[in-house]
Amino acid sequence: MYQIEKARLGELFARIAASGELILPVENNGTSQYGTWTPEVEVRLDRLNTVRSAKDCFFPQTENLMGFQMKGKEISIIDQRKPCEPFTVFGVRACDAASFGILDRVFLSEPVDTYYQSRRLAGTIVTLACGEPEETCFCSVFGIDAVKPGGDVSCWLTEDTLFWKSLTEKGDALTEKVKDLLTDGDEAALKAYQEKISAIHEKLPLKNLSLEGFNGDATEALFDRPEWAELSEACIGCGTCTFVCPTCQCYDIRDFDTGHGIQRFRCWDSCMYSDFTKMAGGNPRLTQKERFRQRFMHKLVYYPANNDGIYSCVGCGRCVAKCPISMNIVKVIKTLGVKNHE
Amino acid sequence: MQRVIEIIKEKAGKLLADGTVDRVIGWKDGEFFYDPTPAVFSAGELENLRYDSFCGANVSKYLIAETKKEGKILALLKPCDTYSFNELVKEHRVDRDKVYVLGIECRGKADINKIRDLGIKGIESIEELPGDELLVHTIYGDKTCKLNDVLLEKCLCCKSKTHVASDDLALTGEPMPEAPKDRFAMVAKLEMMTPDERFEFWRGELSRCIRCNACRNVCPACSCLKCVFDNDASGVASKANADTFEENMFHIIRAFHVAGRCTDCGECSRVCPQHIPLHLLNRKFIKDINEFYGEYQAGADTTSRGPLTDYTPDDVEPSIVMKRGGDQ
Amino acid sequence: MSNLPNETLIPHIGVVTDVRIDTPDVKTFRVVAPEGGVCFKHIPGQCAMLSIPGVGEAMFSITSSPTNTDFMEFSIKKCGCLTSWLHMMEPGQQITIRGPYGNGFPVESDFKGKDLLFIAGGIGLAPLRSVINYVRHYRSNYGKVDIVYGSRSKDDLVDYNEILNEWCNEEGVNVYLTIDREQEGWDGHVGFVPNYVKELGFDTNKTAIICGPPIMIKFTLAGLQELGFDKTQVFTTMELKMKCGVGKCGRCNIGSKYVCKDGPVFRCDQLDELPNEY
């Protein structure tokens, strides 16, 4: 375990950036967004969450898949994949760090998604413990410890010091590059900080949210519950919850005529959109109720059914904070769950 | 003095009981007080109805779907919401006969983001104190702030405290504070910029767009059954920010499409998860319309012709665009 | 580029060598790899993603039997944007193809040694044709074969020539055709498929395979149950909107099952366990 003065973080970032892109939360007109570090950007480690999650680093909103050249009746396919250069993501919160494991189960299962895989292999994740959690946080409900946030390297930022602890080989390699900037960490000081923030996490209003009643076998019990109608009543069918969500991974594949050929790209899609399942012959999810139900059933039932009981939610609270009509997974869990009736 | 919510519940209760209306659309509780959700209530459910400084959502657009259902609905509309309502009636999107409008008092609505911007974190609940003060209970201790310091953008430039559509009113009689801010100040500032500076400003703001469509889906003027951007056959369907300029086009085309019909209800900016000041695009159109055609407020009534769908011999010529577009 | 791992989203080139007009709105396309032969191996009931770049990509069941290694066939009904473009293709046109996707029919397990009852409506014959011809190829591995096939009219029967000239003449294969309404020049059965199945009254020792419009599947299944069939004896194949074909893009699920990966073939009792959202 190592440490560095908070005042010297600029040096640390410069050093990391010298060996590959450094992505971290930066100021953008009153919001925090993951962006590339340069000496000019204003790094925002004080805000809890970025608007968009860190999934963008591995599963960007839009990416080119391949190109096509059409000549008469002939088609040629252009493989546009390029090796991904090593990069580091700094300041990832425990929830977002946990989301990568959830995305991995989708994209790295056979057949492997090589676009995602190449970024995943190239990226080193430096997490940051949450010193000032928000009321919207409920990661502990999913067994995530925001005091010990995981990743390749875990960091803790106190008023004057950044503590640095490598957890993996990738973390060791990164540590090696910055080691001369670091000094041996004060274990006692770190422990004291961890205890202090643990006590804050204990006060979070959603920490006792119970997931009882939600599991891979709960389809029959939950699918036809009448409460879906009321829960989805005000949903405006936008994609905000899905796009700010670190675990939502649905995508669309589309073609774009560039004028010089056809570019096939993929982009995030949302099960909340009316055309998500629309076919020429009909649509199995005709109203917003079915689309809304799909999203939460996927997170709390379908995904666990296919992934050893793991939920596809990390309790980051983005949907809680961002939904235009303030309807979110917490309300769904409280309404349909077994143990949440006060 | 009776609180406004009590007046609302009393009136709504009576109208439900005597069969004048079958349902009520308003707001119900969220998790943390600051996050109510629009909701429809039947008789016997009114205890869950709430109305306070955080009910900023404009429920008028829900009436498109609600008036397609059987029976009559009581809509709780703030003064600004009644403009959206009138516009929807004018465009035949809402069946006026199936709505009973209860115009409700509004002292301005709070923006939770502005409360957070004051550095207030971990908000568990909020209490409204006399004198428009908010007592914020947080996991880091209690804080207070003034409603006036955390108003939604739309409330900073409140267009009116008068309901332009109503079948009845729910008012306490306490005067509603006027909003002095000039709503075109920022637009004027943008107009003063060079085209390059302005382009830079908008590229910066719109670069954050995640194309979630919240602005469009919440907008009462965006009431097309099938949006051109959702229609594969249109050739412009897009759900990706395939290149950033596409995003700009989406917002600009949307602003054009609602021009002359946008009441400046401010919902687009309120719901944007990326805090893009989308209302500025609409206000630019409103300002231009005011300058070219005389003062016009969309939704002020249900019968007048909008300046962009009308013709008078004094209308500006298209060449005005060239004249005002800079020195190209 | 050659050292990059295999990526299923990147398609192969397929060459359309023959276009057969089956019905007023169904054409059957013969597709081969540029070097000849099939683009990849498959099992009956599996699907492939076909695309015209710039127009779109969609999932289609492979109509030909895997025993045919010279080419693949796809019977495609014109019903949307991509299918309209496909219908405009001429021989020599290249398309892109990737797959195979889906589980396919259990031709080497559940079906083996069994009497098979195929029931198809309209374009629903497309995925069954692959199994039927596979079973005919390995005739001795299977019992008696009954085929009930119906469509709106005589002109809407897909693969009519193959049915008349090959299936009808094969020993141990009984073909029962029906059309919805009386038609000049048709002296066969008239009536809907579900009713015809009940009229024919099959032995319940058979394994049934149904494909057709959802409403036809629903009533046929009910008819079979009336005859005494158990849902475990009945298989069907599903179709939902798909983009990736490998259970990742997230849209073709029925409950926790992805039609592209866990289907498209489902046994009817398994389908019963899924929520009614298809």
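Order as written gives the chain letters A, B and C; numbering starts at 1 within each chain.
Operating definition for what follows: a contact is a pair of C-beta atoms (placed from the backbone, for glycine too) under 8 Å apart; a residue touches a chain by one contact, two chains touch by 3 or more.
Please read these numbers as outputs of a predicted model, since none were measured by experiment.
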Ask   = Going by C-alpha centres, which chain is most central here?
value = A
Ask   = Which chain maximises the distance between its CA centroid and that of chain B?
value = C
Request  = List the centre-to-centre spacing of chain A and chain C in whole Å, with centres computed as mean CA coordinates.
outcome  = 39
Query = Using mean CA coordinates as chain centres, what's the chain A-chain B distance in Å?
reply = 30
Request  = Please compute the C-alpha centroid of chain B, do the same for chain C, then give the distance between them in whole Å.
outcome  = 51
Query = Among the residues of chain A, which ones contact at least 2 other chains?
reply = 252, 269
Remark   = Two or more other chains are touched by the chain C residues 81
Request  = Give me the residues of chain B that touch two or more other chains.
outcome  = 232
Note = Note: in the complex, chain A contacts chain B through residues 28-31, 33, 48, 51-52, 61-62, 132-135, 200, 203-206, 230, 233-234, 236-240, 242-244, 252, 254, 256, 265, 267-270, 273-275, 320, 322, 324-327, 330-331
Inquiry  = Give the list of chain A residues in touch with chain C in this complex.
reply    = 65-66, 68, 70, 73-77, 79, 81, 106-107, 109, 111-115, 117, 216, 219-220, 223-224, 249-253, 255, 257, 262, 264, 266, 269, 271, 276-281, 284-285, 290, 294, 297-298, 301-303, 305-306
Task = Give every residue of chain B touching chain A within the complex, in rising order.
result = 30-32, 35-40, 57, 62, 117, 121-124, 138-140, 204-205, 208, 210-214, 216-218, 230, 232, 239-242, 270-271, 273-275
Task = Spell out the part of chain C that touches chain A in their complex, as residue ranges.
result = 1, 4-13, 53-57, 79-81, 83, 90, 92-96, 239-241, 243-244, 246-256, 273-275, 277-278
